[in-house]
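Structures incoming, each one as structure tokens.
In the two assemblies presented below, chain A is common to both, partnered first by chain B and then by chain C.
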Partner chain A sequence: MSHSRNQKWREIGVLISLIGLGLIMVSPLIWTVMLSLKSNGELLRSTTNAFHPPYTGENYAAIMANSGVFRWLLNSALVSSLQTVGVLILSSLAGYGFARLEFPYRNQLFLIVLFGLAIPEQAVIITRHQMFADLHLHNTYPGLILPGLAAPFGVFLMTQYFRAIPKELDEAAMLDNASRFKIFWKVLLPLTLPAQATLGIFTFLASWNDYWWPLISATRADMFTLTVGIASSQINFAQTSGLGYLMTQAVFASLPILIVYIIFQKYIVRAVAGAAVR
Partner chain B sequence: MLSAKAKTQFGNFLFVAPYMFVFAWLLVWPLMSGMGLSLFKADLFGGATFVGLENYGRLMSDPVFLQAVGNTFLFVLLCVPPLAIIPLILALLLNRSTRTAAFFRGVFFSSSVLSVTIVTLIWRMVLIPDGGFFANILAVFGLPPIPFFSDPGIVMGSMAIITVWWCLGLPMMLYLSALQQVPQDIYEAAALDNSRWWTTLTRITLPSISRTVVLVVIMQCVLQFQLFGQPQLITQGGPNGASRPIVLFIFEVGFRRWDIGYAAAASQILFAIILLVTLGQYLITRKRTGDA
Partner chain C sequence: MSALDIRNVTKAYGPTTVLDDISLTAESNEFIAFLGPSGCGKTTLLRMIAGLETVDSGQIHIGGQRIDELAPGERGVAIVFQHYALYPHMTIRENMAFGLKNIKTSKTEIDARIGEAARILEIEAFLDKKPGQLSGGQKQRVAIGRAIVKKPDIFLFDEPLSNLDAALRMRTRLELAQLRRRLKATMILVTHDQVEAMTLADRIVVIHGRKIQQVGTPMEIYGRPANRFVASFVGSPPMNFLPVTISGAKAVATLSDGTALTTDIANLPESASWELGLRPEHVRVSDTGVSAKVEFVERLGERTLIYARLSDGTAITAEDVGLSRLTMGDEVHLSIDAQAAHLFDADGRGYHAETA
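== the complex of A and B ==
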């Protein structure tokens, strides 16, 4: 009796702490949304009225009229999707090759790829910038997309996944005289869909939020991704009189990815969990 | 016969060839040539003279670089422990299959999908002394605002607060999936023993997920040593360089002053630090779990 009552109190305690922690977690977001609904003039005087009316949609109207933001949004969508597709294709092919096929120096090559996991972006950035300048790739879509394709994580994940598929499956297909590519494409690839989802979600998120490479590579405003575009209007923050406008940019820029997150939340959670168990 | 086999093997290699090409072109080659470049005094316009290890010598006596190294270590020390502990607490609270738990998991992970530019935009208006959210709350209690970004003694702590808020989602998910791997019958046995909550936690739960704790700490160290966007966007490394991390130093030297040989040397040192810290932690924890 007293045991179950204890349990009930514990449940209530857990719930109260979760609500408290959750409020701390979301309060910066709510604050931002509130500021975005205020007129710039009012915010210039004081921000203490953020939680009281009057509210206005003028900042959102101003964003809609600013075509630059839409261009950045389009750039981000294009770069992230193409990078994701590229990573999925390269990693699946290589994962199948490393897990199933024989060729000279296979294990040594795989070990080198694994070592690549430890290379931080900063260790290669200077010379990669030089290379791309020589090839005139800066301020182009290939210039923004290509570097992400070299990340070894996908190859590692897909190799592990292909290894976990029972070999009997390809052996049976081999008896039917199917070609390697046909086995890969028709038999094994459909089985890797969960891993493709994990890898696709990770790649898309990382690419969408990447700041360091696009900051260095895209120097023309029309080639900015959303991340860099938002940064460019933030640099002269101290002089800005459009506080509400800046906060509206923050809300506007986070909306696409938050919507993607809410729609795919189940898959994202599963993806993270899946990558953790490996 | 042999040529048929060679042919198959070549056909096999074609599956990994596209990735290996990109890997060699965009990762291995820039790494190697970056190491080479660090031995030159070089600028953007193609002028390069071999100077041996002089760039490294210069770094060791460059007060700006040494300060950046110190700042980076301070930042890692400030934000990795909370990033190992707070997500663990959240995971322990949320390790149940109710709708409420699923909702809160979503809430605590939501910040992780935002980009650094949005995070800094939001947090600047939370922490800024002039009209910020926090300052307004303090004002209600009649307290003066805290100079989060202009006091050299506080600024790295502010960066750590922002970073913990931003990054706690992933470790929480890693802990949650680890907690779900712990066999339920151990808990049932403990419940029969009428073990106290604390005993169950320290004797059963934590030892069962110790590998994940190690993973989280190593992952966060690697990640947080690469701090860049938060100070670059909010303080530009100020005041007086108190929030300039190594990566911002590399960025300024390499892409603002175009002293690329010097920047390449600094990035090799960052690479070495990350490798050593990771390797060190890995060896220490492996030894410990080996003893147990």
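== the complex of A and C ==
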């Protein structure tokens, strides 16, 4: 009796601590949202009254009034979506190849892919910029999308995932008269859906939040992604004189991401917990 | 024309030869069991028939047609895998239909075949479930169902019962025997379980050391083992082997303590040494006979197994009645039925009485 009562108190204690930690983590976000609803003039006087009325939508109106913002939203959506689809297709095909096909220098090639994981973007950015300039790909969608398609993590993840699927399934399908592509498409690929979801979410988020490469590649305002566009529209001394507007930009830029998080919450938790494999 | 004809087939992985010059035929509607210890190559042979392993040399024919160069799906075989290999994301119905759809079978025909197989295997209730929702035994039935709907020339079973618990294994074994009678098809079973092989197969192929050791009916394998390996591998508990000296036209085997046993075995060749092979059921505890000391007693209910040691130190397993009062350390006498004995020469070749 007392044992189960102790257990109950312990659970309540854990719950309260978790709620407390959750509030601490979410408080900057709530603060950001509240600040975005304040007028810049009021914030210039004091930033401590964020949780008291009056509230205003003037910052959101100002963002909407910016003629470029919907174009940047579309650019970001297009670049992130296409990059995600591309990474999923290429990583799945490569992963299947590394996991299931016998070909010369397979292990060496896989090692090269793994090396890709260890090379930071900063190390290749100048040569990449030069290459894209030579190919006249700056200020184009391919220019924004292509670099993200080289996804060593995706190839690695999918290879490991395909390897974990029993080969007996391939063999059963071979005896069921399925072609190699059909085995890949109808039997194995559906089984990798959890990994696809994980990879897809991470790719989409990384692409949406990417700032550096779009900043280098897109120099024309109509080719800006949302991150670059919003940053470009900031007035000088934004932190002091335009704090409300700045916070509104942050909210606006992170809304699509928030929606992705809410829809795919289950997969994200699994991915982060490292328990994505079945 | 044989249903299956394996001709001089050899298989090696790198420098390691797994199967060496294997030849075998199976008649139509025959149930053959490949029996052997783990790693003997029996599964490799089955996989070569299915097309999941290449054949290094030799040929395999099914129904008179050479198939070892055809794709697995074109060979007219269906395999039931050890771990079922059901497609986890498809329903049972989709699992069974997948192979038929791939060869463009009409929908009505697919439905009819699935209905028929489901009825035979009593899996109608699961058709719209996924494999993950089924128990091991149910998955096994579905795996068999997936093979049945293809109407193959030959069914291949790769240790199909090894994943089931003891009670279910016995039931499924019985069902497999009934299924076999109903389907009237050629079947090949790979197993390391001699009980499965003995109870299901028309003929058993004992494989060991890259070679076929013996092909025969279950009782031939048990009663007239071709060599010492077959004699020791088939039968539980295993056969006793006692060193003996041989004399006379009808061999008289003399144990080391001087006990002479007159066997029914005649016309023995010369050999440097001989061993007498005795099944435990032919060595019984009695008032007279060879003396031995009991080392361990195994009470099985209907009979008692006595593990004892002869005066020269040779281990021997004998049988006693179910209510045996023997305990460890007892001195006993063992009566040996020499008429049922086997003899093995220095090379391990077996010799048996004509009537055995």
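One rule holds for everything that comes next: the second predicted complex is superposed on the first by the 238 of 278 C-alpha atoms of A that agree within 3 Å, B and C clash if a C-alpha of one lies under 4 Å from a C-alpha of the other, contacts with A are read in each partner's own complex, and residues count from 1 in each chain.
Everything below uses one rule, namely that a residue touches a chain if its C-beta (ideal position, glycine included) is under 8 Å from a C-beta of that chain, and two chains touch if they have at least 3 such contacts.
Quick caveat, the model's predicted, so the values are computed rather than measured.
Engineer: Quick check on the superposition: with chain A as the shared anchor, is it clash or fit for chain B versus chain C?
Structural biologist: By the criteria stated at the top, chain C and chain B fit after superposition, with no clash.
Engineer: In the overlay, answer first, second, both or neither for which of chain B and chain C A:L157 touches.
Structural biologist: Neither partner.
Engineer: Could you look at A:A218 and tell me whether it touches chain B, chain C, both or neither (first, second, both, neither)?
Structural biologist: So A:A218 meets neither chain B nor chain C here.
Engineer: Who contacts more of chain A, chain B or chain C?
Structural biologist: Looking at chain B versus chain C, the one contacting more residues of chain A is B.
Engineer: One more residue to check, A:L169. First (chain B), second (chain C), both or neither?
Structural biologist: Touch status of A:L169: second partner only.
Engineer: Based on the superposed arrangement, let me know which partner A:I183 touches: chain B (first), chain C (second), both, or neither?
Structural biologist: In the superposed model, A:I183 contacts neither chain B nor chain C.
Engineer: With the two complexes superposed on chain A, say which partner A:V79 touches: chain B (first), chain C (second), both, or neither.
Structural biologist: In the superposition, A:V79 touches no partner, neither chain B nor chain C.
Engineer: Look at A:L199 in the shared chain and tell me whether it touches chain B only, chain C only, both, or neither; answer first, second, both or neither.
Structural biologist: In the superposed model, A:L199 contacts neither chain B nor chain C.
Engineer: Looking at the overlay, does A:L191 come into contact with chain B only (first), chain C only (second), both, or neither?
Structural biologist: Only chain C is touched by A:L191; chain B is not.
Engineer: From the overlay on chain A, compute the angle at chain A's CA centre subtended by chain B and chain C, rounding to the nearest 10 degrees.
Structural biologist: For this superposition the angle at chain A equals 90 degrees.
Engineer: Once you lay one complex on the other using chain A, what is the shortest C-alpha distance from chain B to chain C, in Å?
Structural biologist: 11
Engineer: In the superposed arrangement, what residues of chain A touch both chain B and chain C?
Structural biologist: Dual-contact residues (chain A): none.
Engineer: If you look only at chain C, which of its residues touch chain A in the complex?
Structural biologist: Residues 50-52, 71-74, 77-79, 81-83, 85-89, 98-99, 102-103, 146, 150 of chain C touch chain A in their complex.
Engineer: Sort out for me which residues of chain A touch chain C in the complex.
Structural biologist: 166, 168-169, 171-178, 182, 186-187, 190-191
Engineer: Any idea which chain A residues touch chain B in the complex?
Structural biologist: Contacts found on chain A: 10, 14-15, 17-18, 21-22, 25-29, 31-32, 35, 43, 46-48, 89-91, 93-94, 96-98, 101-104, 109, 112-113, 116, 118-131, 146-147, 149-150, 152, 155, 180, 184, 205, 208-209, 211-212, 216, 226-228, 230-231, 234-235, 237, 243, 246-247, 249-250, 253-254, 257-258, 260-262, 265, 268-269, 272-273, 276-277.
Engineer: Okay, in this complex, where on chain B does chain A touch?
Structural biologist: Touching chain A: residues 9-13, 15-16, 18-20, 22-23, 25-31, 33-34, 37, 90, 93-94, 100, 104-111, 113-118, 120-126, 131-133, 136, 139, 165, 170, 173-174, 176-178, 180-181, 197, 212, 222, 225-226, 228-229, 233, 247, 250-251, 254-255, 260, 263-264, 267-268, 270-271, 274-275, 278 of chain B.
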